[in-house]
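Just below sit the structures, each encoded as structure tokens.
Next come two complexes, and both contain chain A; in the first it sits with chain B, in the second with chain C.
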Partner chain A sequence: MTAAVFIGCSFIAFGPALALCVCTIAAEPLRLLFLIAGGFFWLVSLLLSSLVWFIAVQIGGSNNASVKKNLLIFGVMVSVLLQEVFRFAYYKLLKKANKGLMTISQEETLPISVRQLSYVSGLGFGIMSGVFSLVNILTDSLGPGTVGIYGDSPQYFLSSAFMTLAIVLLHIFWGIVFFDACEKKKWWALALVILSHLLVSGVTFQNPQYEGSLVPSYIIMMLMATWAFFTAGGSLRNLKLCLMCRDKDFLLANQRPR
Partner chain B sequence: MSRSVGESGGCGLLFILNFVSFSSGFCWANSVERKIYIPLNKTAPCVRLLNATHQIGCQSSMSGDTGVIHVVEKEQDLKWVLTDGPHPPYMVLLEGELFTRELMLQLKGSSRISGLAVAISKPSPAQGFSPGLKCPNDGFGVYSNNYGPQYAHCNWTVWNPLGNGLAYEDFNFPIFLLEDANETQVIKQCYQDHNLPQNGSVPEYPLCAMQLFAHMHAVTNTVTCMRRSSLQTAFSLNPEEVCDALSDYNVWSTLKPINTSSKIDPMDEVIIVATRIDSHSFFWNVAPGAESAVASFVTHLAAAEALHKVPDVQKLPRNIMFTFFQGETFDYIGSSRMVYDMQMDKFPIRLDNIHSFLELSQVALRNSSVLWVHTDPVSRRNESIQPQVMKLSLLSMGANVTLQEVSQSQPLPPSSFQRFLRAKQIPGVVLADHRTSFQNRYYQSMYDTAENILMKYPEGLSPEETLDYVTDTAKSLAEVATVVARALYQLAGGTGNTSAIQADPRMVSRMLYGFLIKTNNSWFQSIIKQDLKGLLGDELPQHYIAVTTLVNTTQLVQYVLANLTGTVVNFTKEECLNPEKTPNPEKEMYVYTWVQGSRDPNSTSRVPFCVQSTVHLTKAASPAFELKQWGSTEYSTWTESRWKDIRARIFLVASKELEIITLVVGIAILILSLLATYFINAKAHVLFSSPGDGGAVAY
Partner chain C sequence: MCLKRKDLFCVAIIGFHRAVPMTELSAHLPQFQHGQLTENFPDNHLSNTNDNSERRRHDNSERRRNDNPESETNGQPQNRAQQVVEQDEEDEELTLKYGAKHVIMLFAPVTLCMVVVVATIKSVSFYTRKDGQLIYTPFTEDTDTVGQRALNSILNAAIMISVIIVMTILLVVLYKYRCYKVIHGWLIISSLLLLFFFSFIYLGEVFKTYNVAMDYITLALMIWNFGVVGMICIHWKGPLRLQQAYLIMISALMALVFIKYLPEWTAWLILAVISVYDLVAVLCPKGPLRMLVETAQERNETLFPALIYSSTMIWLVNMAEEDPEAQRKASKSSTYDKQAAANQIQNEDADMDDGGFNPEWEQQRNSRIGPLESTPESRAAVQALPSNSQASEDPEERGVKLGLGDFIFYSVLVGKASATASGDWNTTLACFVAILIGLCLTLLLLAIFKKALPALPISITFGLVFYFATDNLVQPFMDQLAFHQFYI
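For the complex of A and B:
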């Protein structure tokens, strides 16, 4: 559907991620490193889940449509579980790396806190996941045609872009909650994260009824956003302070050098 | 993780790598592309051909031309396209019946057309259709201001009155032929579902559209494109040539073998029999040429076979050369090259050796069994030419074909003989089924098929039975071949009884089947070499000269001629493939071919054998390209443009408003997220500090 749709959909899906990278990641080299490594870990999890799905198709492999659909559902579930496993693996690796960095550097404090790491790794996972979901579709959106000649919905590109936006943001929030849960050994929080991930992936099987998949995904995203906000140390009081521009007073009151 | 994990996994990695270069074609038929586009596979494009002064044919934009489909089934539908329709540019789907010059000139002048798709009309249009010129090969025959000026430019007889000259116009939009009726139906269904105006109201987006890719690299004329190509080959490491000359090979064979490495004795006389083996139509590589070429050369092959069966041919005083010219449709490429070679002494036979010339023009549509004999009125005035021509006319005794002469003041029809007359006055005749203008109402068009020469097969025959069934057309052409063979025998000085000379209708029928319906039949399979399986195909055979050397038609004519006029010799494969190893002066006069033979009925293997024949190939490329005279008016200068990508597809297009909305929403989200992120980042030390650590959070 030409360049306008291509640019529009890429901005919809990756606008927030781009903004986050530009404002928070680009200036700090360490954060950039961990972002890219996070993306790499997500890629490896995708590779493994592709392998599992491929083998399953070869074994189960028939031309029966319902068998294919069941295999796809199985593949998606396996992929979600593998992603969370790799998130956990990344967490473990980061803990070890931080320890190592501390021993060789002169500083006493960690160069990068776990909270920042959780945010950065979530963003890395999210960007990579978004890119893989959408790039295929974006390239075809450049051509002159739009989806629909076989009866599919013409809102295909827009819905895919919005879904990808939800996924990217969701990965950030999942990352924050996950790492915090691992730090504080809150296993129920971990289970909830995995469950919500499975739910969001499962809900996409409602497509092409896009209301059925987009609305639940955004609701879950809002819920996860608030959970992550509170986990990251935010509170309603801080929010009120910021919004009413009383933060300067707050700082002065605490008399800490900036 | 959305459900596209499986689909995008493998392709996604490649797309990451190619993201910057936007190369979407690497993963062919990925699932999103399959949702959007329906490719049209059975199409033929119209390509650009150039000669010394003009360019003809069609051109599309570099990245294809897109337009909203509109089906034009009657003249009134055109109004929507030209003036009324609200969503220009339009891509017109035209019924074959409406593909006329008037309509095309209307479309040519309009800026609301981005392309045209013509649905081939079955049955052929009743009023006839010929995209060729009214006066074919004008200016390259023998009649000019210096020779018979009253006959030049068809002033005396218009040979192709139905010719509308469409194939020689220059269009700036792509035109494709839809050969498959199923694909045409798919397009019409898409049009009916999305593009039909509902009760006078404007059709709404999304609309069904078509995109045609046929970008041609050459422009202006042959001089320009050959100059650019030669600059490229001379100076570039990776030359990008823009056009190629139309060239191929002529096939010739002699009744008595001659030594091709030297010239024949100046006292020897040769009678040349000639036919053309190529045709053309508006679209590229669509050239069934049944009446204009195939019937003639099949008759010629049958006559050659009949002559070779006569026991005393080797003792005839004069030799006979059976010549099959390629490229005659494009200003006599083959014959002009042969005449040039004879003049430059590059051919074993010289112009002085030619005793007379017999050409078979279009011979399949005889009405009331008359075959007309055309001669050149200008050279007939020369006394020495006259008697020989009269002799040919009287040789029709005792056959089912009546040879009659046309009016004495009528010029020759377009024929290869005219090129020979240009060089030297030779006595000769052209045999045709038309007295004045052509009987062929589909001259050089896509409708000149087996139906045009009335080839009818009964229902329910298997391919093998169809191959051997003798049609009435075959019988009629066999009669012509018989007359030609007998005439040649007498012309060559034969004194025996000619009633034994008969062409075989069964062989004629097999050849017609092989060259007009399916080349992949058991007989053709048995007479070709082993490693040439790709030569035979299952689709309808086409006879366009093309730019690649040795098109299928030339090779098949070569093998059929070798099979019909040659003898089987008892050589081993080694001896057959390397005849120079065994010393024998006879061997220099012959050509040996190792053919794969027919299949044993019980086994699956074939019994190959060696064929000894006198069939040769000589290059049929216009002398203009040898002499590098690209602007020549003396020789043919036809070239064909090069191209990269020719394809067609249909899809739905969305409205511009929806696209702009998407863009605006995207930009809005980007700006919003930038603002929000900046704000959150600036206030992060406040937002994310819990009461406990009071500001010491390292953010």
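For the complex of A and C:
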């Protein structure tokens, strides 16, 4: 409950996202714009899902704790589905925009490819999701208090930070796989993405037994990471070349002026 | 330091016009006309949302027309078959890359202003403490019933808006009858107030918050330096970044004053009504702002840099030339020429140094290109040539402008959200993202319609919707989720 916890947790949760932004997004204004727009779409989906939950609670009406918890679970499921719907809507919007750009400009290549867009939109969704989940908790961690004084887990902040990190990264991977599935009409992949999102949200219902929630989430994250890597065109050979600094495309790309 | 009633009065009267949201978005895009690069000098896209008429007058006095259609900056489809000309298509590609860059060039200062305001609100409790109200909002909101409170806030908003309308009309009248000195004087007084008085209060409160001991002598020196450099940068010339920083600071200071002295419901109502007013004032044929824009367009006049935030040194082109009035005088009067010649001879006698241009060199030059002599007239003529200086200016260096009133009202919205929301940071962030997206959409519409559009309505509408929705719907949901540690 000090600045150390605050700084530690915020960097655990947002460090990778920040690094990704600084290295890949900050230099290109177009990407930054799409990032913020992605965040906006996620926000709208959250608004609608909160509305649904609010109405359900008003209708449900009782003060019973278990009823409230069930309504919350219902709210979470609706929210996940709405997020994916809005991801699809964002995809459609970006496709239309790209089509418009193509008809107008003389050039063959688009200023930003669908793959980059999938990454940027995933990052936008992830950052907004992470920020909304964690920022109030982080401000509480700056102030005085004792964690878990009433018998709750004392690792509240740390586990929240790690879970948020998982969600942020997962959104990036989901974005990449989702857009690729939409492009190639692989509906099974789409369904799998939605299912994995539901699954990750579902395992969080096991909190505060963090072994039951954090471990599966990270496993799913690793699996999604490899899937997204191969979807985005990576391969073991590419990886080896990149790590040994012998990847000519990468080296050439870095020499090109921005 | 607590402000007395009379202080509030002075503050309100003089400082108020600063808060007029003058939104003027002008993207300086190069126009390819007849194969020659010309500057869109006198046409400004005006997106006025608010009005502190004086400010607007000044800001609106220059209108820039975007003839280059800007393609989607945030992904909206554009299937217009109009641009068939090859040059235009090249511009499309150019403008898209630039469009995103310009949007980001506006995002950065707006974000910075909002960050300053939110940081101040969160740390300095002075700005969230109720210390009375402005005279423009005389009805109190501490009433017994909700109905009474609603009525009072409606009355407050009505009074404020009528004051604004009156001032706008006054400004249009002043501008039409060319009373520039009055407008100038008013601007200077308000800048003085903001840069010295308001920043003194701000600094005092910051020192109180952090318990920093400070003597009056050091404080006086600091405020004096800050104020004088600010006046110079804003009203005359200075490094671009410094000017931008000062404009952001004064917008933040004005926004903080509004956040402090406007009661809650009144503030939201005023924001809503001002967006509507701006929409009406800019788009209706008889709207004051539209009339102002048209008058300024007829006269081909420049903007006062004091009221507009510009992202690049647009006036660099003017800097290369001499003062136009002096130029005209120089070319017209012959006595000036003689005097200059006399001065030249005197200088030569004094120095006895020809700077390397010895008589042989001059003979060679004369034989090659004929006898030439640089006179003030010829220099003025060269400098008066518009195309050279503009052609050399890199299109990438063109910038965008935004009125300071927009900064102020955006910051008021986000600041009020962070001060009074129960959702706290969630609400603040939601409003922030909503305002940025609104700004982006406004720029996009500007590119599509290519005429003066108000910039406040979209952003403020999004901001208000997101504020109320997040505060009432999202916050309880996220709160419950955080309590159970569920993740969506």
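The rule is short, and it goes like this: the second predicted complex is superposed on the first by the 241 of 258 C-alpha atoms of A that agree within 3 Å, B and C clash if a C-alpha of one lies under 4 Å from a C-alpha of the other, contacts with A are read in each partner's own complex, and residues count from 1 in each chain.
Convention: contacts are C-beta pairs under 8 Å (C-beta built on N, C-alpha and C of every residue); 3 or more make two chains touch, one makes a residue touch a chain.
Every value quoted in this text rests on a predicted model; they were computed, and no experiment measured them.
J.: Thinking of the overlay built on chain A, is A:2 touched by chain B (first), by chain C (second), by both, or by neither?
T.: In the superposed model, A:2 contacts chain B only, not chain C.
J.: Which chain makes contact with more of the residues of chain A, chain B or else chain C?
T.: B
J.: Looking at the overlay, does A:80 come into contact with chain B only (first), chain C only (second), both, or neither?
T.: both
J.: Given the touch rule stated above, what does A:94 touch, chain B (first), chain C (second), both, or neither?
T.: After superposition on chain A, A:94 lies in contact with chain C alone.
J.: A:33 in the overlay: touching chain B, chain C, both, or neither? Say first, second, both or neither.
T.: second
J.: In the overlay, answer first, second, both or neither for which of chain B and chain C A:139 touches.
T.: In the superposition, A:139 touches chain B and chain C alike.
J.: On the A-aligned overlay, A:159 touches which partner chain: chain B = first, chain C = second, or both, or neither?
T.: Touch partner of A:159: chain C, not chain B.
J.: Kindly classify A:211 by the partners it touches after superposition: chain B alone (first), chain C alone (second), both, or neither?
T.: neither
J.: Mind working out whether A:46 is in touch with chain B, chain C, both or neither, as first, second, both or neither?
T.: Once the two structures are laid over each other on A, A:46 reaches both partners.
J.: State which residues of chain A lie in both footprints, the one left by chain B and the one left by chain C.
T.: 46-47, 49-50, 53, 72, 75-76, 79-80, 83, 129, 131-133, 135-137, 139, 156, 163-164, 167, 201, 204-205, 207
J.: Touching chain A in the complex: which residues of chain C?
T.: 71-80, 83, 86, 89-90, 92-93, 96-97, 100-101, 103-104, 107, 423-426, 429-430, 433-434, 436-437, 440, 466, 469-470, 473-474, 476-482, 484-488
J.: Please give the residue numbers of chain A that touch chain B in the complex, ascending.
T.: 1-2, 4-5, 7-12, 15-16, 18-20, 22-24, 46-47, 49-50, 53, 57, 72, 75-76, 79-80, 83, 109-110, 113, 115-116, 129, 131-133, 135-137, 139-140, 142-150, 152, 154, 156-158, 161, 163-165, 167, 197, 201, 204-205, 207, 232-235, 238-239, 241-242, 247, 250-251, 254, 256
J.: State the interface residues of chain A toward chain C in the complex, per the touch definition above.
T.: 29-30, 32-34, 36-37, 39-40, 43, 46-47, 49-51, 53-54, 68-69, 72-73, 75-76, 79-80, 83, 93-94, 96-97, 99-101, 103-107, 111, 128-129, 131-133, 135-137, 139, 156, 159-160, 163-164, 167, 200-201, 204-205, 207-208
J.: Where on chain B is chain A touching in the complex?
T.: Residue positions touching the partner: 1-12, 15-16, 19, 22, 24, 30, 32-33, 35-38, 66, 190, 206, 208-209, 211, 649-654, 659-660, 662-667, 669-670, 672-674, 676-678, 681, 683, 686-690, 694-699.
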